[in-house]
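Given below, in the form of structure tokens, are the structures.
One chain, chain A, appears in both complexes that follow, with chain B as partner in the first and chain C in the second.
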Partner chain A sequence: MSAAPGRPKQARAPSGGSDVRAATSVGAQVDISGLAQRRLALLGNPNCGKTALFNRLTGSQQKVGNYAGVTVELKRGLMKTAAGRSVTVIDLPGTYSLNAGSQDEAVACGVVLGHSLSERAPDLTAVVVDATRLRRGLRLVAALRRLQVPMLVLLNMMDRVRAQGRSVDAAQLARTLGVPVVEATGIRPEGTDALRQLLDDDTLWHQPHPASQTPLSVESQARADDAQAQAWLAAAGLDQPLGEHAWSRRLDRWLLQPVVGTVVLLALLFLVFQAVFAWAEWPMGLIEDGTTAVGEWISAALPDGLLRSLLVDGIVAGVGGVLVFLPQILILFFFIPVLEESGYLPRAALLLDRLMHAIGLSGRAFIPLLSSFACAIPGIMAARTISDRHTRWTTVFIAPLMTCSARLPVYALLIGAFIPARKVGGLSLQGLVLFGLYALGILSAVAVAWVAKQWGRARGQAGPLMMELPDYHWPRAKDVAIGLWQRALIFLRNVGGIILALTVILWALSSFPVAPAGYTGAPIEVSLAGRIGHALAVLFEPIGFNWQIAVALIPGLAAREVVVSALGTVYALSQTGDDVGTALAPLIAADWSLATGLSLLVWFVFAPQCLATLAVVRKESGGWLLPVSMAAFLFGLAYTAAFITYRLAAAWGWA
Partner chain B sequence: MSETVQFGVVLVIVAGAVGFVIRRAWRKHRGQAPACGSCERCQHKRG
Partner chain C sequence: MTTSAPAPTLHQVPLLQWHRIAAQGAGHPRLQELGFLPLENVRVLQRSWLPGGALVVQVGDAVFGLRPDEAAQVPVQGPAQ
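What follows is the complex of A and B.
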């Protein structure tokens, strides 16, 4: 298809006739550099809504959150102007000034000022200003104007200004600033129409661009920029600060109070873990019944042989065993976006700042550590927002101790097998144990950080936390639903991808070589996997692991959930009778002692059973020292803790 | 279904699984695939 005459070539439109083109939708790895010659950078303070605007302009679905530091590296997408011209949009991490304090700020400043080696300077910079916090946003405008960077100003969150019964005259502000000013609302479909029209103005794109700029001294520059912002506001009649939500202030009086706030935080976490078990029972039963029925149907339809074994003992037993945990993962990830969107998370960071300082970190480490509950990898990447070197690497070091979502299927399997489903004081005992496992991870991270603080005391202290507290919002049901849908897709993609592939490979290793004629034991015993498992069992015997666990831990290095599917396959092949459809939990409950179950739980709290995490640490640190020492330390810690747990449980008579 | 056919089908499936794992590891090594695949934030590598 040829492009219309006189217009730049357009990217292929998605179905639905949207006026934007998603160049980088979730999961797509599209190199769009060079598609559009005109390049627009979105620059602004943290949490001013840049990524929401980026998503609205480009049709992307980048993560947004009601707190600072969500975006830690630049992202590109393609948008169309009102006249249909293509523009590359660059979403930058938030920054308060052009003097970078942390690595993410350095990325933003480097691109806009033309210092970046990997990214050409944008033709135009759109400074996104939170209209409810004009003065702070205009400081950045002042800094850019002083450096003569071609720009326009996007007044975002105008809906909130209007909700407060106030107004900001964009035209008056534009006359005062001497640059185009347009209103925008990132969360509404029509919120970017004015910008799309403005970007068709060719004169905007042909402003003289300065050569690579170097900012002046930090102190004098900050004072000058602030004075300029104040002068602009006075000239535009906007020097009366807009009030923040009264009920946000009232809520904060309680939620930031050290004692009440901590109790509320603990109660919230408690509720989440109770819900994970209490709400998931019914859908989990449905999935379990479904996989059993599929296994029985295949068994009936196919003759006994290799293919039936692969499908029933390998794929259904292995993959079905992981799939059953989808409801629990979705329940956990229902609460996380709700807390993010509501604006509660930065309050929790502030609340924990004192504790963080006591262990040598700062509240700034809270967001990376919180991200690590989903997956350690984004948490480790988010640690770029920490400017203090010692604090950053300590945060990276302890991030894998936060309980990531991949551990949840393992915990749920073992808790379901070994902890009775009864109530203690009206609370689910299984939920309490899950809470305890999460708490164990957090407490061990605290201990490691405290030790690191003693070791690194001479290297400086973490700076004070300066974090903006956004107003509370009701989470939008659509955002939460999209988040849950994406989470389900990611889980299912993993189940249908790496988990399925590793399960098939493990089935093959567990089925060949075939047992000799007349062999009376389970054929897996003489297979390659069985032999490897028996060899490794010597290493794991002191901590109570049998050879089946030893086998399952190896593919589990690719993704922790694979341990569950691997155990499913190994145990399905270990059965000598007709045990099709037998759930994994009762099988391991019958085969393992309680001491072994507890030991494996503790192993998973500490062990860095994730090669991808170690690879990212290597990439972030630029060397092997940190990932190798991290792996050695955490495996050592896991082995020691599992050993102590197993021996104590054995002494208690649970072996 | 004869044993030979079953063996052939199984061989194809296992070979596909091995190929998938190797390709995924290679793409990760080259930075062409998401680092973890567990969350949306690192689904987007630089273009």
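What follows is the complex of A and C.
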């Protein structure tokens, strides 16, 4: 069934240096294709180094991860060929075959085969093959050949082959396969030169595209493609298996050992959360001092009036309150990509599979859920790698229950204000409360997943695990640094954009209309925000929230951390006389009861108000049902939990 | 002992011992796509101590985590040399 090697039409296989140069000179004359941008898709197995190659080709920097499914969305970039012509490169999610097993694979296959509605079929598909895993890569090549998709082959990871004293003759392989084969690597600047030259060959771009095919059964395809791959390897004299990655096997003996592995996993998770709080203390202190100094300097420099109020009460109090949390967020976003790129995360997922399976999830849900501790949005997108529908949507549903980094500012503020800084059994009480809040989120997620499992049981059992554990490698400092830098920029852009804007709007709402002359209370009471807050306070009164909190929750819909800046602004404007300018924490500590503080803390464990998360859920699920039911469910959960907390605390005498 | 009595599936084979996948290949089509193909070399690298915990399995030079019910869908011939 499979095509014989080297069909005449594609027998031309430029790959060695001289062939490529000849092809280049021909291609350069016929460049009249400026009208339609040429499009090249990168397809390959998971972990074959595709994304690093994409970064090198296009110069666009994005996430490179050592875990199946890091590329969850199509990424496009522009590259230049050796002759300077522009080509659009599409980076596709990794796939093992052309029969999609999960949604991210479906995206890749759909695009390459021209079934995608949103993306035209590419003119040419470059199959990225890990040279240390030739047989597997060539199975994909065989599948594409069977469907007559125009392609070329990129050999990646050749340095590993050479390190073993072996070689792969690209020219020989090209003759055998009947398609161009060049070596390409993303980790060296000159690693893509051969590809850039090859892409100037015009004949490559003008190949007929396949008609729709009736698919074989998946099983016979897999066998036929593998038989073809083995036949090619034998014909090219490459059928000697390479030595395995001994270092990875040795490390796995310990890291996947049931007891040692679990201890290491727990220690790592503990280290991450410890670092988020301990390491961040010093830079956070610096930012706090800086904010205070700026506020004082402005107060001294400007006369009392609207402008000074806007700058000090609005902008400095609001934005400064959020900026303080940059160090913690960066530390969290340092660890997750490092664990991901090293190849450790799938191991952690494997160790946790038994536990997650018990609540109807799979180990695969671990990565999306861990990412959700930073932010639910990448977590929800990463859930696309879960092939089973029930598991995937349950994961999406519980992702917001993982305490995201945007809630940290709120927790930190409230814990600092209400929980005494003393030791309990040698541990900090504040730290314990924080740990308890994270634990509460996780436990509720477990409960929700378990309930969903009982519900979904009628529809069959949880989806498969079948997860590859790639070889370990050291994360490259440059990739991590770029990731952190992007993260910091996103955060600062938010602070400078939406948070600043909302802060100013809230300041305006809280300052106008101006209190009549002779009014003795805080001017905010008569303002628009004050009135909205008083109206909403009826709804929130049963759970112990005052009108200031009710006001602050509204801009918090945009992003949870905005609640801190909103409280900062509302309270800065609520002060009369000498109190103005006091830091927020002691203010709320004096103004709220302990029961209110605890109730608000618990509210934020479930806090439904993050429009961005709901928007992503809508996009992912393609309908309103899931986001709306999620918002309603989380609101109900938050309200109930806060109500119970407030009533219990009040009964305890803390109201 | 175990060497003389070949285990029928990957789920039961002794730790670290190489086996060959039986001629019919893995029972689940997805497993075949991942490389659990007829006559391929496989071995179990690690077993969980929890009942129902995942196995770490090597096929050729790739390593996968499989649940017990997934490993049980990979029929094996006697131990390879």
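Heads up, the rule we're going with is that the second predicted complex is superposed on the first by the 585 of 655 C-alpha atoms of A that agree within 3 Å, B and C clash if a C-alpha of one lies under 4 Å from a C-alpha of the other, contacts with A are read in each partner's own complex, and residues count from 1 in each chain.
The criterion applied here is as follows: contacts are C-beta pairs under 8 Å (C-beta built on N, C-alpha and C of every residue); 3 or more make two chains touch, one makes a residue touch a chain.
Everything numeric here is computed off the predicted structure, so don't read it as measured data.
In the superposition on chain A, contact is made by A:Gly497 with chain B only, not with chain C. When both complexes are overlaid on chain A, the residue A:Thr569 reaches neither chain B nor chain C. Taking chain B and chain C in turn and counting the residues of chain A each one touches, the greater count comes from B. Of the two partner chains placed by the overlay, only chain C lies in contact with A:Arg133; chain B stays clear of it. By the touch criterion stated above, A:Pro378 is placed in contact with chain B alone, chain C being left untouched.
No residue of chain A touches both chain B in one complex and chain C in the other.
Across the complex, chain A meets chain C through its residues 96-97, 99, 101, 132-133, 135-136, 139, 217-219, 222-223, 226, 241-242, 244-245, 248-249, 252-253, 256-259, 346, 349-350, 353-354, 357, 363, 464-470. Put simply, chain A touches chain B in their complex at residues 23-24, 26-27, 29-33, 60-63, 73-76, 118, 302-303, 305-308, 310, 371, 374-375, 377-378, 381, 404-406, 486, 490, 493-494, 497-498, 500-502, 504-505, 507-508, 558-559, 612-613, 615-616. The touching residues of chain C, counted against chain A in their complex, run 25, 28-35, 37-38, 45-50, 52-54, 56, 58, 60-67, 70. Residues of chain B touching chain A in their complex: 1, 3, 6-7, 9-10, 13-14, 16-18, 20-21, 24, 28, 32-47.
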